[in-house]
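Both complexes shown next keep chain A, but they swap its partner, so chain B is in the first and chain C is in the second.
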Partner chain A sequence: MADYKPPPLPSPFSFTQPAPTLLTQGAEAHLYKTVSLDPSIPAALKIRPSKPYRHPILDRKLTRQRIVQEARCLVKLIREGVKVPALLALDWEGQGGDSGWGGAWLLMEWIEGPVVRVVLEQWEAWMKQNSSSLDEAQRAREEDRVRDLLNRMGAAGAEMWTPMGLLWRGEIVIIDLGLASQSTQDEDRAVDLYVLERAIGSTHPRSEALFDALLQGYRESYKGATSTLKRLEDVRMRGRKRSMLG
Partner chain B sequence: MLAIGMEGSANKVGIGIMLHPKDGGAPKVLANVRHTYISPPGEGFLPKDVARHHRAWVVKLVKQALREAKVSVADVDCICFTKGPGMGAPLQSIAIAARMMSLLWKKPLIGVNHCVGHIEMGRLITGADNPVVLYVSGGNTQVIAYSAKRYRIFGETLDIAVGNCLDRFARTLHIPNDPFPGYNIEQLAKKGFRLVDLPYVVKGMDCSFSGILAAVDGLAVSLGLSGEEQAKADDERINSGEADRDPDARPTRADLCFSLQETVYAMLVEITERAMAHVGSKQVLIVGGVGSNERLQEMMGTMARDRGGSVFATDERYCIDNGIMIAQAGLEAFKTGFQTPLSESACTQRFRTDEVFVDWRD
Partner chain C sequence: MALETVALPHLPASLPVHVALYRNVENSVFLRQQLLAGNADFEYALIDASMILSRQHAITAIFRAVNDYLNNRLKSRNVHSEIVFAFNPTNNIADSFRKFGISDATKDLLIVKVSTSPEISHDSIAAHLKDSVQGTLVAFDSETLSQISDVSKIKKQYKLGALPSPGAQANGAQDDSIKRQLELSLLGAIALRGS
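Our next item is the complex of A and B:
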């Protein structure tokens, strides 16, 4: 198996000193830490590299559509006073690559803190190790703490977009809107929530029940939640997902 | 241990004989025979016809498999059959044969989930230990990852399976069903190069194909490409090379097949990549009939390489429905003490992949 090499950076960043450091590789995007304007100002760089497996026409269309969508979401949220990183710059044509088309990128304000997913994973590992030595009350308290965290996460994403990756420092800040839709329709919100539910359920089988805490936070902070959550029930049972008995 | 696997959930009836040596050596495929019911161009297969076909072939195939494997009935430890999911009538015809053999030879029955059969066979053949599995066929489209004794479904189709989408488009274009429609679409798509704009439907981790089918069907009709005579005329146009040069010329059937493949396979690769990013896996295993498509394998390979991983795929002997995969998954379950009593041996058209308790994996 060949060692993994991330694709070359698009043009302004290929000259940045020190070079941007790769933080994570998601399915669709690479997240780098870099600086903006001045070496003392950290910034998060999100690159959506072109997907060579796709037909070039389809690839450009999808990449462009999605990065513009994400930027619009960010701007709209900032205007509404939701805690998200500020949008600094954007290139949807991705003209910076050597071959002319290297994918699109988005430069955002840097926010320091651990990602909620990591916090959850650490908590799970810790619980697995220590749960036998805890008594009922302590265990309940621990679970309350995590429930509270997810509750706030639900509240932060409540306005209309569902966060896929989050950063936490006492407050929840939504950092990844890659899959968010700008739509105000129950349908789209419910699908977003459903994706999050499966994401939590599949990577944290033990914290499946905690999704309810997240929904609770969502319900309390967003007034249209009732109809969205009702639609979520539909989405869960949609197509082939209903019980396959009989 | 020796098992007979019997599969007949769709238009293929397959019998396989699998040996797991007692000393723990590598499992051996002793026989893998299959017969396919093929419907004429422009038509799909009906459950009643398929069931009739399976009933006519199953005894012949079992005899042939035992002959090829050079084993006698006394050597057989268990009889594995497809419990579901699949088409009702064909499933029943095979289940009846399995029950009859079980009673006649006094061997235990093992009901196997068809999807789990594909996954276990793919793992055995390719040696992939913990891959993200893309299961794509005429009846199923799922992205699966193993976690805590279950094959969990990450993403799946919301309506029809990707293979069904291709099969039905083949009917519209009057593309032959022999050996199977997807293969003929793939061959025709190699002559296409104009990408027509089709819907791209990924909803979270799931995808949907019925809208794409309606769109591409509609396009075929409006371009005058649906039906038998039109197919002949269009073939002449493609083969004469007349449509080759001008990128803006009217799309051919080849172009439509090309565009359909590019679009639906891009969707599949996208949701697979998402699942890989989620579980942190670097391996992908493609199983199911559509998994034999070389363009899909190529796209998946490009994606996996970009992530520093690799793709595992099997050839048509093992990725298209077969009996040996049922024997393999059945034996794994049998070794953990699993058996299906006669009273519970009814088959079911709906049997979720994640309902199976996978006791044989850590």
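Our next item is the complex of A and C:
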């Protein structure tokens, strides 16, 4: 993919000097590193480009809905004092490209640090060599304290994989809320925990046994944990799709 | 101190933003009259500085307004009224002028002017402001603004009453993080308006 060219940046980032650098891209969004409104402070720019294969009206509607959802979750969590990158600027109808519609973007605080997935990978590699470490239990508990804070907030990430958490100065910061939704239902929370459990089990097999530590931290920092964990048992038995829709 | 020209990242270099912070302004009544009369020479964003928490707070609102101007979707008359409106977390334009704009009692004033045409230069604005504003020009930075801002009024307008107020604790580091949380909440509210 040497000649891959990302879609043109929406206005006003087409003016940015130096141009934002592309860090990573997923199916829905491109992540760039650039500067915040103060040129000495870095920032993360997340762009959801337009998808030309969709009907233009539907495309705008979906893109707008999703970016606004993520931005609302970020702002709500910041107000509650949860560690997430702050929302600096947002545009749900960015202009650019040939059609005039260039996608939506949001500018977030830059958080420096390794993602939890990398930390776990490094730890697993290290464990291969010296298989006597107890630090993980503490770290997992830390990771989970944040997740539970999220839960208490009612912001349930529908898909919380380890790449979305980031270790920053010893604290876990959730950096990707692209699929976050606001819910207060045990079912949603239990499904999140279940998905996370399966994700850790499949990508970090050595850490799987430590998932209990995560649940322990969850129990300690979230009052409603008992009923959520009871529900988690049900979810483990049947899988995550109760409604059998979608 | 002089009129500051801020080059905002991400905005085209052809749209420089000029900002001046005044204290002890004596002719607020006159300046407000010019706005109400629609005097084109006084097309500025005139903001009551007590409603501004920090430099970043003001910059974020200015950026939002100028970006909306660039994309041709102003909700108000021009980019300068849009800057005042951008401070408001809700969609009520008249209310934003009442709460964030200059009033007859305004003592501390932030003036913003966007060079929307090449004739509007740093020097022409500086000269015009010098003749029209009776007040002391001070540095546009967070330290100066922290002496001016009315935190309880800001929190009320942004409906952030649940957040702790900076200044309540003696502990410096804790106070900084409280202020930062409030500041970031304001930025989020500005970015989300109308969503």
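Here are some notes:
Just so we're on the same page, the second predicted complex is superposed on the first by the 176 of 246 C-alpha atoms of A that agree within 3 Å, B and C clash if a C-alpha of one lies under 4 Å from a C-alpha of the other, contacts with A are read in each partner's own complex, and residues count from 1 in each chain.
Assume a residue touches a chain if its C-beta (ideal position, glycine included) is under 8 Å from a C-beta of that chain, and two chains touch if they have at least 3 such contacts.
Everything numeric here is computed off the predicted structure, so don't read it as measured data.
In the superposition on chain A, A:G26 makes contact with chain B only, not with chain C.
After overlaying the two complexes on the shared chain, residue contacts for A:V118 are found with neither chain B nor chain C.
After overlaying the two complexes on the shared chain, residue contacts for A:P52 are found with chain B alone; chain C is out of touch.
Once the two complexes are overlaid on the shared chain, A:M237 sits clear of chain B and of chain C alike. With both structures placed on the common chain, the touch criterion links A:A86 to chain C but leaves chain B unconnected. Of the two partner chains placed by superposition, only chain C is touched by A:L37; chain B is not.
Contacts of A:S11 after superposition: chain C is touched, whereas chain B is not reached. Look at A:A71: by the touch rule set out above, it reaches chain C but stays clear of chain B.
Once both structures are placed on chain A, no chain A residue is touched by chain B and, in the other complex, by chain C.
Within the complex formed with chain A, the chain C residues making contact are 7-13, 56, 59-60, 63-64, 67, 70-71, 73, 160, 162-163, 181, 184-185, 187-189, 191-192, 195. Residues of chain A that touch chain C in their complex: 11-13, 15-17, 34-39, 68, 71-72, 74-75, 78-79, 81, 86-95, 106, 109. Chain B makes touch with chain A in their complex at residues 85, 145, 147-148, 152, 154, 156-159, 195, 200, 203-206, 208, 262-263, 266, 269-270, 273-274, 276-279, 282, 298-300, 302-303, 305-310, 348, 350-352, 355.
Only residues 1-4, 7, 25-28, 51-55, 57-58, 62, 179, 191-192, 194-195, 198-199, 202-203, 205, 238-241, 243-246 of chain A touch chain B when the two sit together in their complex.
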